[in-house]
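Each chain carries a letter (A, B, C, D, E and F) given by its place in the written order, and its residues are counted from 1.
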C-alpha cells in the first residue's frame, strides 16, 4: 500500500509531467474558466430575462430604483461574463501555442464579445417570450405563464440554449457549451449551443432529449421527452468532422416529434408539418405533412422483459 | 451595437409595458413564490418524514429535547409553507383581477391550508413507509431500508409527490407543482401533483419517467425508467381541457411496467396484475393479468444506427 | 384536523416506536452518513484527479506550495472519507446486532479502508485518463480535452463510478452507492458501484443510462443515452439473489451500444466488437462482431401517438 | 517533540479525565448553549424592535403579509430562544448534580421563560424608544433617529441590555450574560444583565464603559466613554459575595458622568442631578446636584510621558 | 402574560401607528440603507486601496487580467455604493417631506456623488500611503509595512475615515457615518467623518479614541489609545448646534497626544509641535511647542481603589 | 472629474510601479497570508482547547468517534496553519531579497514550526486552564467556569496570546501578530505576542488594555480595563530599537493593577505583590508590596468638563 507521501509525490509528478495527449490538470500560469462562475452567468442572464421570477425581488421598486437595479445587474453580468470569456479565449490561445504577448488581444476580444452579447439581450428576451407562448399553448395542463416559467424544464433549457447560441455566435469559446451542459444537468435536456433553432420552440417534460451541434430546426416545432436528433455513427477514431459539414437532421416548421423518437443524419430532413410518432426511428427524410408511426407493440403471452 | 444604457432602457421598457399575453416579468406590488423557499419546504418536510436521514442530526437527543426539536421543525415548516402558499394564492387572485381588499382572505386561506397539510403529516408518513417497503421488496439489489432512503431516486420523487398531492388537495396553488418539478430536476422523474397514486408504489432507476396530471394508479404498482403515462396528443392550440376530464391512463393494482414503455390516453385502462413489456407502446386498454410484449429487435447485418 | 401539538406527538411516537421492518428514522445513539459529506468526498476526489479544473485554482503555484496544497487536499479527503466510512460501517454493525464493544473495530477498519483507497488514487487517475481519451476520440464534436472534462456528463459519471468501485472493493459499505447516486442525480446516468468496467469506457450524452450491479464490461466500450444493461425481471417479492450470482449482462471489448437499447439478463453476453442498434431489445447473447438492428419505424397514415 | 498521535492522545486523555475544578471541555451527553445561536437571538430580537432597520426588509408589505412576517419572526425567536434557554438550564441542573429524570422540567421551564419574555417585548420596545429619544436629545451631532439606530453603539448596547435583563428576571441562566457580552465585543460597552437601569438612559461613544452587576441607575442618566461603575476591590480569593448584597454604586436620576470617570462601591450613591467630571475617581457618595471635578492637568516642562 | 398573538398585534400596531418623534421602524414604501451593504462598500474600497492584502488574491495575474479585475472591482463598488447613497438620500428627502415626484433626482444625485467619489480614489490612496508611512515610522515595534496594513487598527480606522470624509464632502448622507461606525466597532476608534485631518496621521493601539465632528487636525499628528478630542458639555436638551460652528478642538501640525488624554472645546487650539501627556485633561489652548504633563500619581499607603 | 477608466489606469499604474518605501499592494508572484485564514486558525485552536464550548458539538460521541474527531481537527489545524506560516515566511524571505531557489526551505520550515507548535498544545492547554482558574477565583461575579469560557473577554484574549506567543517562539513570522490583533478587535485587549506572561493571569472587562512587546509579567497577576503597560515615548523617527532591549515594564508576581492605570518604561519594575491604583500614572519602579494610589478627584463647583 502506498503511503500518503508516496501518493502525494505520485500525483504531483503526474500534474507536472510534460503535456500529453490527455492533460487532466491545469497547473499552468493562468486560470481556467470556472463552472461556478458559469452558473452565476446563467442566473444573472435569467434574472434579466425574468425579473421577479429569478433573482432578488424587484417588486414594489420605484421607477428610479428599478433603473439602478437593472444597470447593476447588467454591470454584474458584464463583469462575470467578460472574465470567463477571457479565460476561455486565453486558454484556447495558449493551447494552440499562441505567444504570450498577444494576451492583450484576448482581454479586448472578451470585452467586445461581452458587449455585443449584452447588446442582444432585448432581442433574446423577445425570442424567449415566443418560447413561453409556445409552451403555454402547447400544453393543456399549463395553468398560466407563471407556471411555465417556474416549472417547465423545457423552457429553462431552451432559454439557456438561446443565450449560449448567441454568445457562441459572437465568438466565445467553451463558455456556451458549459452553459448548455448546466441546463442538461438540471433538466436532462442536452441542446448543443451550435444548433440553429427557430421561433416558438417547445419541449415538454424533456428528460433525455438530445439535439446535436449541426441541427437546424424551424419555427413552431414541438418535441417531447426522450427525443434524439443525432448523427449517424462514425467509425471509432475517425478524423474530426470538417467544420461546416451538417451531421445532424433538419427539422422544418411546425413539426411535432413524440416521446422517445430518434432522428439521425445530416441529410435527413423532416418536412414542414410532419408528425413523428413515439419511439420512432428515422434515418431518412420525411416529406412535408407526413405522419410516421412509432414502434407499436402487440399483446402476447411471452414474458414481457 | 446597442450601448449598455440602451440595453437597460430597452429592458426596463419591456418590464414596464402593459401586461401582454406573455408576462415574463413581475414588477408589481407583491412578491411571487420563490424556488429557493420551495426547496426549503421540501427539505423541511423530508426532515420530518426521515429524521436522522435528512436534516440536522437527532441522534442521542434526550426525549425532552427531541420534543423541542420536533416542535421547532413544525414551526419552521409552517412559517415557510404559509408564506409561499400565501404568495401563490395572492398572485393567483391578483392575476384574475380580484380586488385588493380581499387580500386578507389569502393570508387566512394560506394559514388554513398550511395547518390542514401539517395535520396530515403523520398519515403521509405512513404512506411513504409503504413506498419504502415496496422499494425494498421490489429491488433485489437493495441492501437495506437505509440504502433505499439514501440512494433511491424513485423514493425521493414519490415522497415529494405524496406531499405535493396532499398540499394540492388542501387548496394550494402553484407550490405543489414547484415541489414536484424540483424532484423532476433531481431525479428525472416527472410526476404531476394532480395524479392519484395508491399505496406501495415503486419506481426503479426512474430517469425519464413521466406521470401525467389525471393518471390514476392503484396499489402495489411497479414501474421502471423511461416509462411515460401520458395523454394522446391534442391539436396544436386546442382549447384548455375541461377540468375533471381524464386525459391520462388508469393503472390498476399490481401492474408492472418495464423500462421505456409508453401508455397513453384517458380511456386506456391497464387491468389488475397486467405486465407491460419494455419499450412497449400502448394506446388501448389491456385486460387484467395480460402480458404485453415490448418492441423486440432481430439480428441483422444492416448498420445499427 | 390535528393540532400542531398532536402532530408533534404523533410524529415523536412514530420516531420512538420499537424498530419495525421499515425504520424511516434514525434517533439512535450514533450518526448516520451524510449526503452532504459524501458530496464533499466526491468533489475532493475530483479535485485531486483534475486539479485546476475542479476545486480552488492551483495555477501559478510555486512547486513548494503545490506540494503543500496536495498534502492538504489528501488530508482533507482522508478525514472526510474516514468519518463517513466509519459511520456506515458502524451503522451496519449496529443494524446487524453487533455488540457495542466491537465499536473500536469500525474506526480501525474505516482508517484502513480509507488509507488503501487513497493509496490507489494514482492508478485510478490513470484509469480516468483513459476514459477521457475515449471520450475525446469517440465524439467528433469534442473540441478538446478541456471541453471533455468540463462538459461531458459521461466522464463525470464514469470517474465517480471508478472511485466508488475502488472504495467498495476496499470494503466500504453504503458510501460507494451514495457516490454513484449523486452522479445519477447530476447526469441521469445510473452506474452501480458493483459493476466491473474495463478501460477507456465512453458514455455519450448519457441521460437515462442504467448499468446494473453485476454487469461486466470490457475495454473500449461505447454506449449512448438511454441504454439499459439490466436484470430480467424477478417475481415480486422473490428472495434476495445469492451473492455472486450474475444478474446483469456481460459486454465484451469494443462493443458499441446505440441510444435507447436495452440488454437484459445475467446469461446474456454481447460478443467482442458487436454493435447494438438504437432502441434494440436484447435478452439473449449476441456473437462477436454481430450487428443488431434497432426497432425501426415505417411511414404510415395512422395517428402517430 | 510530540508526534501528532501523542498530541491527540494527550488531548483526549485531558478531555475524558474525571471532572476537575476547571472543566475546559464539554464531552458529556447533552449540548451546551451556542454563541452563534445567541447571536441569532440578539438579531431576531432587534429585528422585532427595529423592523426595517434590522433584518430583512419589510418595506412595501401589504398589511396581511406584515402580519405573516411578524408571526414568523416571533416563532423563530421563540424556537431559537427556547432551545438555548433549555440548554443553559439543563447544563446548570446537571452541573449541580440534579438527577436525570428531572430533565423534563428544564424543557418546560425553558418554554415558560421564553413565552413570558416574548410577552414583554412590546413594553421592552417602549423602553428602548425612550433610550432612542435620550440619545437624540443628548447628542447635538445626531442628525436624526435613523442615525441613532444605525450608528450609536450606546443604543445598541443598551437595547441588548434591556432584553438580557428582562430575560434574566424571567429566570434564564447564562444566556443573558452571553447576550450582553456580545454587545461588549461589538461596542466595548460592558453592561452586566443584572444591573437595574431606569428610563431614557444614554451612553455616548461608549468604548470602555463598564457597568457592574448590582448597579442601580435612575432615569435620564447620561454617561460617556470609559466610565466605570464598579466594585471596590476584594481580597484575592475571597469567598463569593452574598446574593443580594450591593457591590456597585447607585446613580440617581438626571446624573451626568463624563468620559473616563470611575465610580466604585456598593455604598456609593451619586445624588440626583449630580455631574461627575471627566477622569474623576469617586469612591464615596456625592450629594444631589453636586459637581465633581475631574483630574485636571497643568502645563509644565517635564516630559509628558 | 400576553399570548403570542397579542404580542404580534401589539407590535404591528406599534409599527403602523402614525409617525411619532421616535420612529423605530421603517415599514414605508422604500428601503433604508443596509449595514451589511455598507460593510461591503468598506471592503470593496479597501480591496482597491490594498490589493493583495484585502479581498481576493491578485497575485500572479498577467497585466491584461489585472486590468479586467480592477475594472470589475470599480464596477462593483460603483453599484453597491450608488444604491446605498441613493437609499440614504431618498430616505432623507422623504423624511423632510419632499414630494414623490422629485425621486428621480435622488437617483441622479447618487450616481453623481458616486462617480465623483470614485474619481478621487487615486488621491485617497496617496493620502493613505502617507498614513502607513507615519505608522511605520511612528512605532518602533512595526516590523514592516505588511504588519502595519494587516495588524494596525489605527491604520484601519484612519483609512475608513479618509474614505468616509471624502464621500461626505461629495454630498452623501448617513453612509459615511455608517462607515466610520463600522470602523469604531472593529477598532474601538471613533472618528466622525466630518472631522478634518491632515497628512500622515497616526493612532497607536487606539481603543477608546474619540475624534469629534468639527475637529481640525494638522499634518504629522500622533495620538495614542484612549484619547478624546471632544466638545464641552452642553445643557441637556439644548438646541442643535449651528452648522459651521466649531465644537471640537484644533490640533496643529506635529502634535503628539499620549494615552488617555482628553482635549475639549471648539476654542481649544493645541499649537504646532506641542506634546500632551498621558491622562491629561485640557480645556484651554496650549501654545506651540509646549509640553503638558499628564495626571501623575504618588506612592502612598491608602487603599489603591 | 476622472472617468472610471482613468481611475482604473491610475490605480493599476500605482499597483505596478516599482517598489517604494510604502508598498500598499501585493501583486507579485506569490500569496500573502490571509486574515480570514488566521481567524480560522484561532477558532481551530480554540476548538481543541475548549471542545464542546467552541466549534461543532462533541457531546455524546462514542470514544472511538472522539478519537477520529480529534485527529481530524489536528489535521485541519496543521494544514491551515502550515499554509499561513509558509506564506508569511516566504513573503519575509522575498522581501529581504532572498533568492527564489531557497523557497523550498520556507515550506520545510513552515512544516517544522507547525509540528512543534502542535506538539505544545497539551501544555498550552494546561496553561490556559490556570488562566481560567484565575478568572473564576478573581471575579466574585463569575457563576462558573462555563460563564468564564463563554463570556470573559480577558480569557479570550489571554488564550489567544498564549497560542500566538508559543507560535512566535517556534519561529513563525507575522501570523502571531495577526492572531493577537484579531483578539484585540474582538475584545479591545491588545497583547503583543512577544510579551512574556506567567501563570494564572487575569484581565477583567479588559477594554483598552495594552501590553507591549517586551513586557515581562510574573505569575498570579490581575489587571483591569484600560491598563497600559507601555514604552516611554521615543523621538519621532528614531531608529528601530535594538532587538533584545526591553522597552516595556516588568510586573512581578501577585501584582494587581486597577482600571485605567498606565505603567511605562523598560526599567520600570513593579515589585511582587504591589497594588497600583486606578488611573495611576507610573514611570518609575515600585517596591514589592507597595500600594500606589490612583488619581483621585475632589468635589468642587467648577464645570465638570
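One rule holds in what follows: a residue touches a chain if its C-beta (ideal position, glycine included) is under 8 Å from a C-beta of that chain, and two chains touch if they have at least 3 such contacts.
Here the structure is a predicted model, which is why all the values come from computation and not from measurement.
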(request) Please give the intersection of the contact partners of subunit C with those of subunit E. (result) A, F
(message) So using the touch definition from the top, which pair is joined by more C-beta contacts, B-F or B-D?
(response) B-D
(request) Quick one: superpose subunit A on subunit E by CA and send over the rotation angle as a multiple of 5°. (result) 180
(request) Provide the C-alpha centroid distance between subunit C and subunit F, rounded to the nearest whole angstrom. (result) 50
(request) Averaging only over C-alpha atoms, locate the centres of subunit D and subunit F and give their separation in whole Å. (result) 25
(message) Please output the residue numbers of subunit F that touch at least 2 other chains, ranges allowed.
(response) 29-31, 59-60, 63, 67, 71, 75, 78, 188, 207-208, 226, 233, 256, 258-260, 264, 278-279, 294-295, 303-305
(message) Judged by the touch rule stated earlier, which pairs of chains are there in contact?
(response) A-B, A-C, A-D, A-E, B-C, B-D, B-F, C-E, C-F, D-E, D-F, E-F
(request) Name, in rising order, each residue of subunit A that touches subunit E in their complex. (result) 29-31, 60, 62-65, 67-69, 71-72, 75-76, 78-79, 82-83, 86, 90, 103-104, 106-107, 110
(request) Using the touch definition up top, name the residues of subunit C that touch subunit A in the complex. (result) 48-53, 57-61, 63, 66-67, 70-71, 74-75, 78, 115-116, 118-122, 125, 128-129, 132-133, 136-138, 140-141, 143-147, 149-153, 186-188, 205, 207-208, 220, 222, 225-226, 232-233, 254, 256, 258-260, 264, 278-279, 283, 294-305
(message) Taking the touch rule as given, give the residues of subunit F at its contact with subunit B in the complex, in rising order.
(response) 59-60
(request) Spell out the part of subunit A that touches subunit C in their complex, as residue ranges. (result) 1-8, 10-12, 14-16, 21-33, 35, 91, 95, 173-174, 177-178, 181, 184-185, 188, 190, 192, 207-208, 210, 212-213, 226, 228, 230-231, 233-234, 236-238, 240-241, 247, 256, 258-260, 262, 264, 275-282, 286, 290-295, 303-305
